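In the two complexes that follow, chain A is the common piece, with chain B as its partner first and chain C second.
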Partner chain A sequence: MELCQVAVRALFAYVVLLGLLRASGKRTVAQGTPFDFVLALVLGDMVDDLLWAEVPAGRFTVAVGTLTLVHTLVSVATARSERLDRLLAGEPVPVLERGRPRADAVRGERIHPSELERMLRVEGVPREAWAEVRRATVEVSGHPAVAREPWAEPPQRRERARVRPAP
Partner chain B sequence: MKGPLSVVAIIAAALAVAGLAVFGLDDETTLVPPPEVVAEGFLRALTTRRYEQALPFLDERPAGIGQELRRRRKAIDRAIGTVHDVRGEPGRRSGGTASASVRLRGERGEARLRFDLVRRHGEWRLTSPGTWDEGPAARAFVTSH
Partner chain C sequence: MDPHELLMTALRAVAVYVLMLAVIRLLGKRTVGNFTAFDLLVALMLGEVVDEVIYGDVAMVQGFVAIAVIAAAQYGNSWLSYWDHGFLRILEGTPTPIVEKGALRRDGLRRERMNEKDALAELRLQGLEDLREVRLAQLEVDGQVSVIREDWAEPLQRADVFPEAAAERGRAGSVGGQGRAREER
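Presenting the complex of A and B:
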């Protein structure tokens, strides 16, 4: 009997969370910002309380619903105001420009030089290819993004077609 | 504003389902904490000195209940030392009343407290801060390891 009750609670939590996350939009717990990540953790913890019947389903619904609603309202507001978006989510920080690391930004983001090397290597830019990078940034999610110099971009299909191999 | 309105609609639907289960289908233990979990939660809060969090488990909170809870916690400490395990056990349940007991394991022994509960607005509440379950005196409810 107790197993059935756990299953019913799990089903309730699943349906409520699925409904809320679908209704709130794709970005809610996409971990786009550090706060998305925190929200995902908090929601996960609340499910635990419901599964073991430590809180009534009504209170669980109000708690996860309120958090999701506020987060949705904030995302609606930040989608309309770039200033608010910068204030709440932060801005990407350029850590490498024209092949050279920006020491102040690297220090500000608390990135060790070896960690910067690793981040860029994961993005397909080894140390010897830094000259090909126009700009590398640490996005608000904490992930790196790399923009190469135009001459270092891999050729597109049309360009490849134009360059016919010699007979 | 479609997103926020949809979220509100989902919250309302989920509350309706939970309300229907508890008030319409008289669910007492699935979508609401069962009596033994309520009693266990109360004693967890009490033994960790979170008196404010222990209060909502009680059906009535007469004047001086804060002092009473502190006295209870000290009595438990005196009897079995610092508590390191709290486990609720189901008792009888009929209509709007129930009983449950909680076994406490401390550094110097074990104790068992019994609780009577009553249903208020679909949720179980403790009618008192608990009575020693085994025997009339401390010797009877504290068993050595």
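Presenting the complex of A and C:
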């Protein structure tokens, strides 16, 4: 009988959280900003108390509902105000420019040079090819973005006429 | 259901959300992006603390102290790792080669308890089906796989086909130290 209740509560939690995540939009699911990350961390922790009947369903629903509401308000506010967005989400940090590490940014985010190397390696850029990088940034989601020098980009179709086979 | 209790739950949820957002912002992008196992661990630990605080099972102050201590430990750790590379290596480990010069590195795979299928799956995810195109693939300390292709398997660059782009590559190479050595064919 108790197992049955656990199953029912699990299903209830699943439906409530799924509904809330859908209501809060796609960006939350992608964890693109620090506040999306926070919501995912906190929501994930709220479920177990309900499953083991340590809190009643009503309090669970109020708690997760409030969190999602606050989160949605924050998202809306940061979408409207650039200043608020800078404050709450932060800004992308350039860590490499013209093939060289940006010492200030790397220090500000406490990225060790070996971590910077790893970050670019994962993007397919080995140490000896750093000169190909015009700018590498760490986005507010914590993920790296690499833009190459124009000469290191692949030629585009519109340039087809100028491509000559190498002698 | 006691409406007062529901209201308190809601208020505590708001307070926890605000505090967690402040803590995550202070810890920086490395925590959000799970740069290392520690960043992931800290995120999980912080997440594990908050439910009791929101439901009022522990006092707000106690919860905040716990969160602050975990965050401070992570902050200190990230500075130590930043200053002392040896410290970082001991804590995080080093990358493990799983494919080198077109061949599987059995020793690396064994050490990471990966089989051949896992390695090939990782390469497929990066668009590689042919092992021979891989110069070096490593399992990095954050669990991602980095793949460096053989020079001949890299996509063409403008500098390979346009003389003016080649000249720019030459300049960049001389300024930035070493450009990627390209075989002339």
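By definition in this document, the second predicted complex is superposed on the first by the 153 of 167 C-alpha atoms of A that agree within 3 Å, B and C clash if a C-alpha of one lies under 4 Å from a C-alpha of the other, contacts with A are read in each partner's own complex, and residues count from 1 in each chain.
We take it that contacts are C-beta pairs under 8 Å (C-beta built on N, C-alpha and C of every residue); 3 or more make two chains touch, one makes a residue touch a chain.
Being a predicted model, the structure only gives us computed values, none of them experimental.
Engineer: Determine, for the superposed arrangement built on chain A, whether chain B and chain C clash or fit.
Structural biologist: Pair status: fit.
Engineer: Of the two partner chains, chain B (first) and chain C (second), which one does A:F35 touch, if any: first, second, both, or neither?
Structural biologist: Second partner only, chain C.
Engineer: Quick one: is A:E97 in contact with chain B, with chain C, with both, or with neither? Answer first, second, both or neither.
Structural biologist: Touch status of A:E97: no partner.
Engineer: Looking at the overlay, does A:V8 come into contact with chain B only (first), chain C only (second), both, or neither?
Structural biologist: In the superposed model, A:V8 contacts chain B only, not chain C.
Engineer: State whether chain B or chain C is in contact with more residues of chain A in the superposed arrangement.
Structural biologist: C
Engineer: By the touch definition at the top of the document, which applies to A:V16: first (chain B), second (chain C), both, or neither?
Structural biologist: First partner only, chain B.
Engineer: Considering only the touch criterion stated at the top, classify A:P56 as touching first (chain B), second (chain C), both, or neither.
Structural biologist: both
Engineer: In the superposed arrangement, does A:R118 touch chain B (first), chain C (second), both or neither?
Structural biologist: The second partner, chain C, only.
Engineer: Please give the nearest C-alpha separation between chain B and chain C in the three-chain superposition, to the whole Å.
Structural biologist: For chain B and chain C in the superposition, the minimum C-alpha gap reads 5 Å.
Engineer: Which residues of chain A are in contact with chain B in one complex and with chain C in the other?
Structural biologist: On chain A, the overlap between the chain B and chain C contacts is residues 54-56, 58, 62.
Engineer: Which part of chain A faces chain C closely enough to touch in the complex?
Structural biologist: 31, 34-35, 37-39, 41-42, 44-46, 48-49, 54-56, 58-59, 62-63, 66-67, 70-71, 74, 88, 90, 93, 98-100, 107-115, 118, 121-122, 124, 126, 128-132, 138-143, 149-155, 159, 162-164, 166
Engineer: Report the residues of chain A in contact with chain B in the complex, numbered from low to high.
Structural biologist: That would be residues 5, 8-9, 12, 15-16, 19-20, 23-25, 52-58, 61-62, 65, 68-69, 72-73, 75-76 of chain A.
Engineer: Can you check the complex and tell me which residues of chain B touch chain A?
Structural biologist: Residues in contact with chain A: 1, 3-4, 6-11, 13-15, 17-19, 21-22, 29-34, 37, 41, 122-123.
Engineer: In the complex, go through chain C and note every residue touching chain A.
Structural biologist: 1, 5-6, 9-10, 12-14, 16-18, 20-21, 24-25, 28-36, 43-44, 46-51, 54-55, 57, 78-79, 81-82, 85, 88, 95, 126, 136, 138, 140-142, 144-149, 155-162, 165-166, 168-169, 172-173, 175-181, 185
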